[in-house]
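Read through the structures below before going on.
In the two complexes that follow, chain A is the common piece, with chain B as its partner first and chain C second.
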Partner chain A sequence: MAQSANDRRRINGPEESFTPVFDDEDEDIKLKMQRSRAPGDIRPIFLQPGLISQANGSAYIETEKTKIACAVYGPRQSKTTTYSEKGRLNVEVKFTPFSCTRRRAPMRDAEDRSIGVSIHQAIVSSIRLELFPKSTIDVFITIIENDGIEGCIASGSLAASTALADAGIEMLGLVASCSAAIVGDVIQLDPSEAEARASSGTVILACMPALNSITSLWQSGQMTTSMSLKCMEQCHERCIDIHSIVAQSLLEHRRTD
Partner chain B sequence: MASISKAEKAYVQSSLLSNPPLRADGRGLIDFRTIALESGIAPIANGSARVSIGTNAQDGGGGTEVVAAAKLEVESVGDGEGVDGGRVVCSVSCSPTAYPLLSPNALDDLQHDMTSVLNATLSHPTIRPKNLCILPGRKSWLLNLDVIVFSDAGNIFDAIFMAARAALWDTKVPRTKSVQYRAKKSDRSDATQAMDMDVDETAHVGSALDTRQTIEVADFELPDYWDEGEPLNGRQAWPVCLTLNLLPALHFLDATLQEEASVPLKLLVFYSFLSDATPLLRGMRLLGTGVSDLVQVNSLLKDGEKYARNVWLALEGKLKDEDLRRNQKARERFLNR
Partner chain C sequence: MVSDILLPGQSVSLARGPAPKLGGGLYLKDGQVRASLVGVAQYEGSTLAISHVRSHPPAANSVVLGTVTRLSPLQAMVSISVVDGIPLPAGEEFNGVIRTQDVRATEKDKVKIGDCFRGGDVVKGVVISLGDARSYYITTARNDLGVIFATSEAGASMDAVSWQEMRCPKTGRIEKRKCAKPESHTL
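Right, the complex of A and B next:
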């Protein structure tokens, strides 16, 4: 999907970039590997709906080093002329060039779309798209700082669902999402990038806790079936807590309005 | 990918839900169509396979047809994306003839989505073959696995993963020999003086003035040998995919295009069954607009494991047959000419 021609309107940086190598890198990695919280705990979540005033709905989420802004536009008329009975949900994910340790060229690449597809899968079944014929709902997600794909997908789904609620779009329920990684034989919830890299397998689960239904499952790496089910159960439990965070933040936002 | 009318959708759904369940081609819910597999179809590739599901026996048309081929290339570790120990990169491309109704953009998106599923499962570090390393820390093999979808008559993911597994099973990694260069030693006999290039097995006679601790292996060569190399390490581990198509009350396997278009949700599970070990789940995806719940997923995984084991055993048998056909039997035929 990457465009071959450079965007002339930008100042294009060098084609490749390398992270500086520090002497104490090994110790640094060890420090990063040490998890300061219990295996079953997730990183603290800061969630603020309505930060982008020009959008119909928006949300900003921060879980330690993952920072994501999400804006929802719509429902608005589809640009295509073909009639569609159901509304279309369009999720676009963009990384800022400074979001990762290595600079990301400001062009759409493969990873953007796969994260977009995962987030789409997580939220699409919560929206009552049958109420919006001929229209499109656009969800734009900007990843300002990236600390692992798992965290991005989980927090991104959470932000998108919050922003959709903030936009007043009818949904069946709020979507909460949580990830888990298997390191050794311990299940660590909400892994950071370093933890996910050290793990043998990861699971991302998105669900609507209010309806007790799962909207998305995404597992990679290797694990036994029972371990995978255990991960899903733990994620699901944690999603109930996350759900209350989302509900709380939406409620507070409405009060201050 | 087929878009079907509401009436058609309701017709397919209600016949699946009727008792006994009815499918257009008379199969049971967990029956597969016939699967044909042939490996070694691309002589230039390091490993290749073709899989077709549900092809007509009479005219050989009208099924899902997928070709996978693995190609190895040498890559330097450190610059660019090279990783010590080699890596596997997968791609899926769909021929426009497989999806004549899709616009080029939609086709791009589709093949990209298929690529990301294949890549996430097969390039994971936990499944990387051990013998992709050429010179530790310097050079390694990059395994490009390209899958091409020629036609899609439903159940595309199962076909893609079957072809991928067969192609990787078939892949031969060329043998390499490390080579090091050494300066001529004046105090050594004429015979060794003539050799300015030594293979690293030979014991190194260091001079007293030599302060270097280790002699780095400089390069590698490909010895000329009668076979094409050795198979990938741990080739048993490549998973099979099983697509469970979910209607709220039941699930069925190997959906045709019409059936695919009329179910709201499908669950992909990737399993590998190594002998004397518990089955390993190597990936899982929920695709579609429906919802599921933990209880359902739990029972689906149990059933899925059972079905996947059947697929696995059938594929394993076929792959061993293919090995026999292409090696031992071909040799015998050659001798008995």
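Right, the complex of A and C next:
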């Protein structure tokens, strides 16, 4: 007697089964085809200093889907007992639970720390730390909406530099930062999360246009040396434009103060 | 002379040949004077500087106001709350220490800390040096430095009678403190 597929003692599943359909693949392919802006265009930046009144200095930056708030406290007494001739810079990054497409637990993990390290490297050489012995400058960055890690690091560095200038901390110059992603042969500036995922490699450049010096350069993924050099050049050109945006927002804020 | 607001990294255009003495908020790099703060560069006497309206940590020769927090036979620990006339944000005080040899200029070895300061006194001092990792070294060895405000044992705020004594207005009792000479304000 043929065993019936219908087992009355158990809960039976459906007789026919289908493989699940993933939406992401379709999206990536679509984005590889079209990007709403030109490869050399960055997303419009909104930068406002001085929004957090209880901090010594603060800045809020918004570029389409990346929203970051930065608060600077200090220079204040170092809590550690080691004597240091130069001041210390402490950068702490925190993602809000609603910032990413998947809810993030409020606890700090490795990704927060790595973004903190990148932003620290981008701004530390622009601050005159030798003027603040035994003091610490605390920079707290809160990512309210996240559209790609590269965008977070670039916008976070901009916000941190603006907040430091707003706090009246002596700096050698303002830091501007820009990211680029390589999709095929095209260099796309300021990639969003989907664009960065679809790319083969990314470059994040932070520099001080006033002094014509680069403070930090991160490259990840796969690209030839010549492509990474081209990315750097394009980022550097764009940083000069971004620097004027930062300068304008600081001047307007100071004039209305 | 620029009257525009300068940004960090922006070069300062100077009219005359030799570079003036630079004060706070400006630095010299590769022969070019640049700003390091957001502000207007102004001449204060012969030095060119951008004024610092924000609070800053104490440096050598800063005039500080602080509250005495602890006393020991060798030093008085002070919590610095005002630096160069600019109050620090609440909760961000710096720690300072007044050693017995820095309390006054005369008879330095015969100082009794209990006769100079008490806990809760507001003291005006000058920073001598950065000190050690935990505190700045402060001196009160000048006529205009020392206790400017103190509460007596009876709870009233005392007035300075001489550089060594303060009087409680409620009970009339004299308590010993190292007082600062009151500043003569022109009203």
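Everything below uses one rule, namely that the second predicted complex is superposed on the first by the 225 of 257 C-alpha atoms of A that agree within 3 Å, B and C clash if a C-alpha of one lies under 4 Å from a C-alpha of the other, contacts with A are read in each partner's own complex, and residues count from 1 in each chain.
Note that in this section a contact is a pair of C-beta atoms (placed from the backbone, for glycine too) under 8 Å apart; a residue touches a chain by one contact, two chains touch by 3 or more.
Because the structure is predicted, anything quoted here is derived from the model rather than measured.
*Asks:* Look at where chain B and chain C land on chain A after superposing the complexes, then choose clash or fit.
*Replies:* Fit - chain B and chain C, as placed by superposing on chain A, sit side by side.
*Asks:* In the overlay, answer first, second, both or neither for which of chain B and chain C A:Gly168 touches.
*Replies:* Second partner only, chain C.
*Asks:* What is the contact status of A:Ser200 with respect to chain B (first) and chain C (second): first, second, both, or neither?
*Replies:* first
*Asks:* Taking the superposition on A as described, I'd like to know which of chain B and chain C A:Met223 touches: first, second, both or neither.
*Replies:* first
*Asks:* Would you check which partner chain A:Ser125 touches, where first means chain B only, second means chain C only, and both and neither mean what they say?
*Replies:* First partner only, chain B.
*Asks:* Which partner chains sit in contact with A:Met232 here, chain B, chain C, both or neither? Use first/second/both/neither.
*Replies:* First partner only.
*Asks:* Check whether A:Met208 is in contact with chain B, with chain C, with both or with neither, and answer first, second, both or neither.
*Replies:* both
*Asks:* Applying the touch criterion given at the start, work out whether A:Val117 contacts chain B, chain C, both or neither, answering first, second, both or neither.
*Replies:* Only chain B; A:Val117 stays clear of chain C.
*Asks:* Is A:Ile182 touching the first partner chain B, the second partner chain C, both, or neither of them?
*Replies:* Touch status of A:Ile182: no partner.
*Asks:* Report, in whole Å, the shortest distance between any C-alpha atom of chain B and any C-alpha atom of chain C after the two complexes are superposed.
*Replies:* For chain B and chain C in the superposition, the minimum C-alpha gap reads 14 Å.
*Asks:* Chain A residues touched by both chain B and chain C?
*Replies:* The answer is residues 208, 211 of chain A.
*Asks:* Quick one: which bits of chain A touch chain B in the complex? Just the residue numbers, please.
*Replies:* Per the stated touch rule, the residues are 1, 16, 110, 113-114, 117, 121, 124-125, 200-201, 203, 208, 211-225, 228-229, 232-233, 236.
*Asks:* Could you pull out which chain A residues touch chain C in their complex?
*Replies:* 56, 73-78, 80-83, 126, 128, 132-135, 165-168, 170-174, 208-211, 247, 250-251, 254-255
*Asks:* Along chain C, where are the residues that touch chain A in the complex?
*Replies:* Checking each residue of chain C against chain A gives 5, 7-11, 24-25, 27, 29, 34, 36-39, 52-57, 89, 92-95, 130, 132-134.
*Asks:* Which positions of chain B touch chain A when the two form their complex?
*Replies:* Touching chain A: residues 80, 108-109, 112-113, 115-116, 120-121, 124, 126-127, 267, 272, 278-294, 297-298, 301-302, 305 of chain B.
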